[in-house]
Structure formats: structure tokens, C-alpha cells
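The structures come next, written out as C-alpha cells.
Note that chain A is present in both complexes that follow, paired respectively with chain B and with chain C.
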Partner chain A sequence: MGGEALLELDRVTVFYGRVRALQEVSLQVWPGEVVALLGSNGAGKSTALRLVSGLVAPAAGRVRFRERDLVGLGPASIVRLGIAHCPEGRKVFPEMTVRENLEMGAYTRRGSLEADLERVWALFPVLRQRQHQLAGSLSGGEQQMLAIGRALMARPALLLLDEPSMGLAPAVVQEVARAIRSLNASGTTVLLVEQNVHVALRIAHRGYVLENGRVVVSGTAEELSRDDRVRRAYLGA
Partner chain B sequence: MPGAWVGLALLGALVAPVLLRSPSHQNLLVLTAINVILVASLDMLIGLSGLVSLGHAAFWGIGAYTSALLVMRAGVPFLVALPAAGLAAAAAGLVIGYPSLRLRGHYFVLVTFIFGIIVTLLLTSWVELTRGPMGLPGIPFATLPWVGGTEVVLNTFQDKVRYYYLVLVVALLTLWVRSRIMGSRMGRALVAVREDEDLGQTLGVDTHRYKMGVFVLSTAQAGLAGSLYAHYSTFLAPETFDYVASFDLFVMNLVGGAGTPLGPVVGPVLLTAVRDALRSTHPVLGAVLFGVFLILSIQFLPRGVVGVWDHLRGRRRW
Partner chain C sequence: MRRAVDVVTILQFGVNGLFVATGYALVALGLTLIFGVLHVADFAQGALYMLGAYVSFYATQAGGVGYFAAVALAMATGAVLAALNGGVVYLPLQRHGGSLTFVAALGVLLILQNAALWWFGGDFRLVPSPFGDGKFSAGGVVLTHHQAFVLGATGCLVLLLWAGLRYTKPGKALRAMAQQPEAARLVGIDIQRVGLLAFAVAGGLAGGAGALMAPVRAFDPHIGAVVILKSFAIVIFGGMGSVPGAIVGAAVVALAETFTAAYLAAEFADLVAFGLMIVALFARPQGLLGRLPT
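Entry: the complex of A and B
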């Protein structure tokens, strides 16, 4: 692929205390792509997302977004640059309504939110019906939709999605997967962390497999689903 | 917001000194209004932002001693000492808040609690300045400069009504500021801090900045309450502002209803009145009953008296 990468990690190392969570990880996300980060628990997938959104700082290496260095910017500035992070565990503000949760997603910018709300309603019609309910009263699947919708309210160029299918019923997983493809088709680039490799490889164009904080395999979704190591470890083949 | 109830409460506050004419009742009115300032400012931390401070009375004390000493030692007029008391408490809030608001949960509670103990120790041991445990007597009554050149004394031991209205104005301003903040962008950010601070940060909310802002504002208001108290009671002692006092304010906040529109009014009114009634009828049994009342209300009314009312009406807190 030509042109410039939207997001580039260049030999990044991250420590949590004395534990090395990421070790010399390099990866690129091109505009328009869905890229999956795969791997087991503790492989460093979520750390990579927290690194990009400024919640953890690297000990070494560079993080660039549109050729601009992100290290040291802080989460608020990074959201303003066009990166939205949808954290794992379908986190919502339980005592705010659905609509207020969505408005919080647009916290870093001012002006009318109507068009953005319409976009979220179109993607997840159930949220429009529930807009005045408290987010804590939603089902798990609806909370996940709300969390994704809230991230979209920031009008991100790059959406960081952490485990969107975790703990959801299969039918709901399908709906979330459909929504991710649809928002990608309308121009949002996605960096996706998933433990459900079947789902991830169906949505993603490319993927990286992390083990113990290192990239061990990378390639297109098709290459990964044929890779012996991936098949043995994650696809149960 | 239940507008009719706010109107009724306001009317009650305005006519109260006319209906309650005995000095002891009017004394309770002034003290209740001072407690409303303290609890309303504390509620911006506890109810709105989920920041539990167990050192609020220390900021109250810093304001009280600042104001009293400025008037007594430096001859500063009351109208200058009042804002100075707010500034002194806010400065302390800034110094304590900047590092401690980076801490989460129990750690912040501990820092405020320990700060309260340090302030009490300072007030007790800095005898040259504060007269320590002997207390600071002879603080002048509050005065206002008058156009004719003579000063107007706002309160005496016999006449508390004018002073009550002054305190009421400050209390209403405090409540107004609180309700304005709750409906604002800053208020939304602080609710995010209360509900899930990490998530708020993820969405780009500069949580530390807003926590600092609300903490400094809240401590400034506690300082104003301190000045109003100093020139009312005319005597200050360190134990008035110790950790028991901080805990009292915390309890008034919880019993009234943290985060509810009228909670900071209901809590002080109820507890000041109930405690006084119990104390004057049967001191020992009264103290025991008061303790039982507190335990029951914290056990069964997680959102206070106002919370029960809202629950019955199907409302949620802000």
C-alpha cells in the first residue's frame, strides 16, 4: 500500500511497573482499513490501544498518527486529533441516560450533535428507542452498542475497539460485527482487539498476532486464517 | 427540579426569623444557614463528583481564623476579611488538591482526613497566633461601612436577624453556584468523574483539571462560611473545626441526600433541629437516639431524605 500510514507504532516498548507489556512492537494501520490485534489474555492487545489513546506512555519507541508524534500528548488532545477509544467491558456511565452518554462522546468538541446522533441511531436503531433510559438499565448488547456509538460521536478518523464481542450472545455479536463493517464502509478506520478470532478475521482486512508483548505473526485476514500457528492456537483446527 | 418545593423552602427561610423570635431559635437559624453553605459546598465534591472529603471543616476553620485574625490584628474591615477568608481556604485547597486529587478513592479520603487533623494540630499548637487551646475570644461583630461615615454593626448577641439575612444571601449564592455547575459542561464532566473516571479520560475529559476546579471552589466557600461563623460567635476554638466537625458535615450531606437539589438544605435543617430538640429534652438519651437515627438513615437511605422522596416520585439524582 502506498501513501502514508494513518497510525504507525515504531518499535514500541511499554512497562507496567517492572512487567514488560509490549516489546518492540511495530505495526501500521492504513486509511480505510480494519486491523485486528489478536492474541490470548495478557498478550498486550489492550495495552497497545491504551498506548495509542495516551492512557499509558511508552518506555521506548514512537507512536505516530498522520505523521504526528502522539507520545506525551495526553488523552484529551489525542481525542481531538481524531482517535476515539471504546474500552473493553462495554463501559457506560450507568446513571446517565443513553443520550447523555452519547453527548459525553462528543465532549471535546462544541456545536450541534444532531447529525452525529442520527448516524448512531441509523447504526443502532434500538438506541434511539432507549435514548431517555438510564444506560445502566440496558442489556449487555445494548451497552456495547452504546459504547461504540459514544466513541463515534467524537467523529474519529481512527476508532480503537477493545473486545466488542466479549460476553455477548451470538446474535448480538453478529449485529455488532455488521455495525463495525458498516461504519468502516462509511470511512472510519478501525483498530480492533478481539479474542474471538473467528469474528475478528471476518471483519478485519489485516491482523497482527501478539504473544507476550511481541508481534509473532502478521498478514492479511486470509493469510492469518490459513496460518498453522493461528489455526492451532485460536481456531481450534 | 421541583420548583414549587424550592419556592416553599425559600419562603420558609425568609419568614423564619419573624416566626421564631426567641434568641435561641434565631441562633439555630444562623448556625443552620452556615451549615447549609458548608454542606452545599461539600456536596459539590461528594454528591456531584464522588470525591469524599473528610476534611471540609478544616477549610472552614482556616477561613474563620484568617478572618478573625485579619480583623483583630491588622484592623482589616469585615467586608475585606470575608473574601480574604475564602481566598485563604482556596489557597489551602489548591495546595492539598493538586497532589491528592491524582489519588483515587480511599487515598483521597485519607489525605483530606489527615489534612483536617494537621490543621487542628496547627491551630492548637501555634499559640502565639491563635492562642491555641485557650481559644480566640473577643472577635468583633461584623460591620458594614455606611455612607455617612459611621459603621453599622450587623449583629449583636441580642439582635441576630440582620446577620441571619446576610448569611442567608451567601447560602443562596452557594446553592445557586452549585446548581449552575450541575447543569453545565463542567457538571457533566464531574458526573463522569463520579461514575467512571477512567472512561471520562478515555473520552477526552481533562478530569484532573475539573476536579481541581471544583475542589478549590468548594474550599473557598467553606472559607466564607468560616468568616461568617467567626464574626457571629465572636469566639473560636480549634476543636470546633476538628475531624468530628468534618464528619458531621459529611453526615448532614448523606442524610439530606448527596447529589440531590435540596439535600444540602434538608440535611442541615433536619440535623440541627433534631439534635437541638433531643439535647434540650433529654441530653443522654438524645445523644444515643441521634446515633441510632444516623445509623438507620445511612443504612436505609443511601440517597438521603430527599432521595426517598425522589424515589417515590420516580426521579433520579442529577
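Entry: the complex of A and C
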């Protein structure tokens, strides 16, 4: 691909206490892509997203978004630059209404939110019906939709999605997958962490496989689904 | 001592109890707000209550300031000191774990209490009420004008707090922090600033409570410790971090202790607050209106 990467991690190392969560990880996300981070539990996938959104700082390496160094910026500044993080476990505000949750997603922005709300309603019609309900009363799938919608309210150029299919019924997983493709088609670049490799490789253009904090395989979704290591470890082939 | 058990007497104790509840409620609201947002048990809020009382005393007695302006001054003093204390002591300590802030809070309470002893002396003080001895009386039940004013002012402050938390952007940020701190950071809430706001609001309420109660309840520098222990018991009883819990808790504890003092013995009154706290801890660890962490 030509041009400049939207997001680039350059030999990044992250420690949690004395545990090395990421070790010299390099990856690129190009504008318009859906990129999947694959790997087992504890491989460092969520850490990579938390690094990009500013929740954790690297011990070494660089993180660049649109050529700009993100290291040292807090989450609030990073959201303003155009990166929204939909965290693992949804983490909706349980005692706020659906609508208030969405409004919180636009916390760093000023001006009318109507167009953004319409976009979320169009993507997840069930949220419009539930807009005055408390988020804590929603089903798991609806909470996931709300968490994605809340992230979209920041009008991100890059959406970080952590395990959107976790704990959801197959039909709901399909609906969420369809929504991710749709928001990608309308111009949002996506960096996706997913344990469900079948789902991830259907949505993503490219992927990286992490093991013990290192990138061990990378390639297009098609290459990865044909890769012997990926097939043995994750696709049960 | 036996008291009459007739309707008028019981109503009178009810009124007195509700009045006592206002002072507790204001301090407990601040405590529960700080705890909900930052998980800090800010015992120093008691010292801000005490300083609020002294601000109203010196402003009216030495400064020639009217009582109502003195209440506003006490609130401002409490808000500024609480935010300062939060920014200088608690927030920097918090990244080293919760138990440190707990010890620091006790330290700040004792430092302010002893500084007050040094500056203001140990005499008991009382601020003259701008309402004098005026009182309402209905069928034998008496409510002084000052009590009515404090009840009304407390009602207004609680309403203001509720509306602020519910409808304003900073208020929503406070709720978001309390409900889901990581998501609050991810949507771009500056947790330092919102934390300082929580301290300032709580300090304003505590300082205001001290000034509101100063014409009714004689105070010396130790009153902060008494008030904060009771408010803390109320917050645990009502549910840590719960705003309605703080109000209901304050009412229950104040009424229980007023009736205990009236019908059993004044010495048992304090026992009731802490007794209720212990019962709550056994029977309902999350408190009356609190929720267990999910």
C-alpha cells in the first residue's frame, strides 16, 4: 500500500510490573483497513490497544498516529486526535441511560450530536428503541453495540475494538460483525482484537498473530487462514 | 429520666432529629461523592466542617460580615482547602494504593485540628443566629427560624447537587468516573480535574454544614473528628458512593440517635450510629442503598 500508515508501532516494548507484555512489536495500520490482532489469552493483544489509547506507556519504542508521536500523551489527548477505544468487557456506564452513554462518548467534542446519534441508530436500531433505558439493563449484545456506538461518537479516524464478540450468541456476533464492516465501509479504520479467529479473519483485511508479546506471523486474512500455524493453533484444523 | 410518650413530644423529637440529619447529610454527601469517584475515605472533610464553623464565627464576630455571606465564605473556604488537599496530598499518593490515602486523610484531619487549637484556642464557640429566637409553632411542635432556614438551605444544596450530577457535563463526568473509571478515561475525561472537582464540591458542602450548624451546636476544634466519624458511619450504613444512601442514612442515624437520647440516655446516642454501621456491615455489606461491585 502507498502513502503513510495511519498507525504505526515501531519496536514497542511494554512492561506490566516485571512482566513483559509486549516485546519489540512492530505493526502498521493503513487508512481504510480492518486489521486483526490474533493470539491466545495473555499474548499481549489488549495491551497493544491500551498502549495506543494511552492507558499504558511503553518502556521502549514509538507509537505514531498520522506521523505524530503518541507516547506521553494521555487518553484524553489521544481521543481528540481521532482514536477511540472500545474496551474489553464493554464497560458501559451502567447507571446512565443509553443516550447518556452515547453523549459521554462525545465528551471531548462540542456542538450538536444529532448527526452522530443518527449514525449510531442507523448502525444499531435497537439502541434507538432503548435510548432512555439504563445501560446496565441491556443484554450483553446490546451493551456491546452501545460500547461501539459510544466509541463512534468521538468521530474516530481509527477505532480500537477489543473482543467485540466475547460472550455473545452467534446471531449477535453476526450482527456486530456486519456493523464493523459497515462502519469500515463508511471510512473508519479498525484495529480489532479478537479471540474468535473465524470471525476476525472474515472481517479483517490483514492480521498479526501475537504469542508471548511478540509478533510471530502476519499477513493478509487469506494468507493467515491458509497458514499452518494459525490453522493448527486457532482454527482447529 | 422518662419522657412523655405523646404525639406532640414524638413529633418534636422527629423535627429535632431531621434538623440534626441536615448537618450529617451534607458532610456524608461529600464523603460518598469523593469515595465513589476516587475511592478515598477523606477524613479531613471533618476538619473542613470545623473550619467552616470558625470561618462563620470570625467573619461575623470580627470581620463584620453578615451571617449569610459568612456561610458562603465558609463554603468557598471548604471548597478551596479540599481541592488543595486533594491535589497536593491524595491524588499524588493514590497511585501508591488506597491505604496510604487513608492514613494521609487521618493525618490531615489531626494537623488541621491541632492548628485550629493553636490559632483559635480550645473554648467552645457559638455563632449568633441572624434569626434570633424566632420560632414557628404548630400544635405545640416548635421549629426555630434558624432550624427552618438550615432545613431549607440543605434541601436547596441537595437539589443543586442532584441536578448538577444529573444534567451538567462535569456532573456526568463525575458519575462516569464513579461507574466505570477506565471507560471514563477512554472517552477523554481528565480524571485529575474531575477528581479535584469532587473534592471541591465535598469541601464546599462540609464547610457550609459547619457554618449552618454553628449557631445551634457549640463547637471547638475537636468537632471535626466527631462529625466525620459519624458521617463515615452514615456513608457505610447508607452505601459507600450512593448519594441517596447518604441522605437516607443521615436521616435514619440522626432520628435514631435523637430518640435514643430522649428515651434511653444521651450517652447511648453515639452508640446508635456505630451500632447501625456494624449491623449494616454484617447484614448488608454494600450498605442500605449501595451496590456490590460488579
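The rule is short, and it goes like this: the second predicted complex is superposed on the first by the 237 of 237 C-alpha atoms of A that agree within 3 Å, B and C clash if a C-alpha of one lies under 4 Å from a C-alpha of the other, contacts with A are read in each partner's own complex, and residues count from 1 in each chain.
Assume contacts are C-beta pairs under 8 Å (C-beta built on N, C-alpha and C of every residue); 3 or more make two chains touch, one makes a residue touch a chain.
Just so you know, these numbers come straight off a predicted model, no measurement behind them.
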item: Chain A as common anchor, with chain B and chain C clashing or fitting; value: clash
item: Chain B versus chain C as contact partner of A:134, first or second or both or neither; value: first
item: Contacts of A:16 with chain B and chain C, given as first, second, both or neither; value: neither
item: Contacts of A:107 with chain B and chain C, given as first, second, both or neither; value: both
item: Touching both chain B and chain C, residues of chain A; value: 53, 55, 74-76, 79-80, 84-85, 87, 91-96, 100, 103-105, 107-108, 150, 154
item: Chain B partner contacts - residues on chain A that touch it in the complex; value: 53, 55, 74-76, 78-80, 84-85, 87, 91-96, 100, 103-105, 107-108, 134, 150, 154
item: Touching residues on chain A, where the partner in the complex is chain C; value: 53, 55, 74-76, 79-80, 84-85, 87, 91-96, 100, 103-105, 107-108, 150-151, 154
item: Of all residues in chain C, those that touch chain A in their complex; value: 169, 172-173, 175-176, 179-180, 182-190, 294
item: Residues of chain B defined as touching chain A within the complex; value: 185, 188-189, 191-192, 195-196, 198-206, 316-317
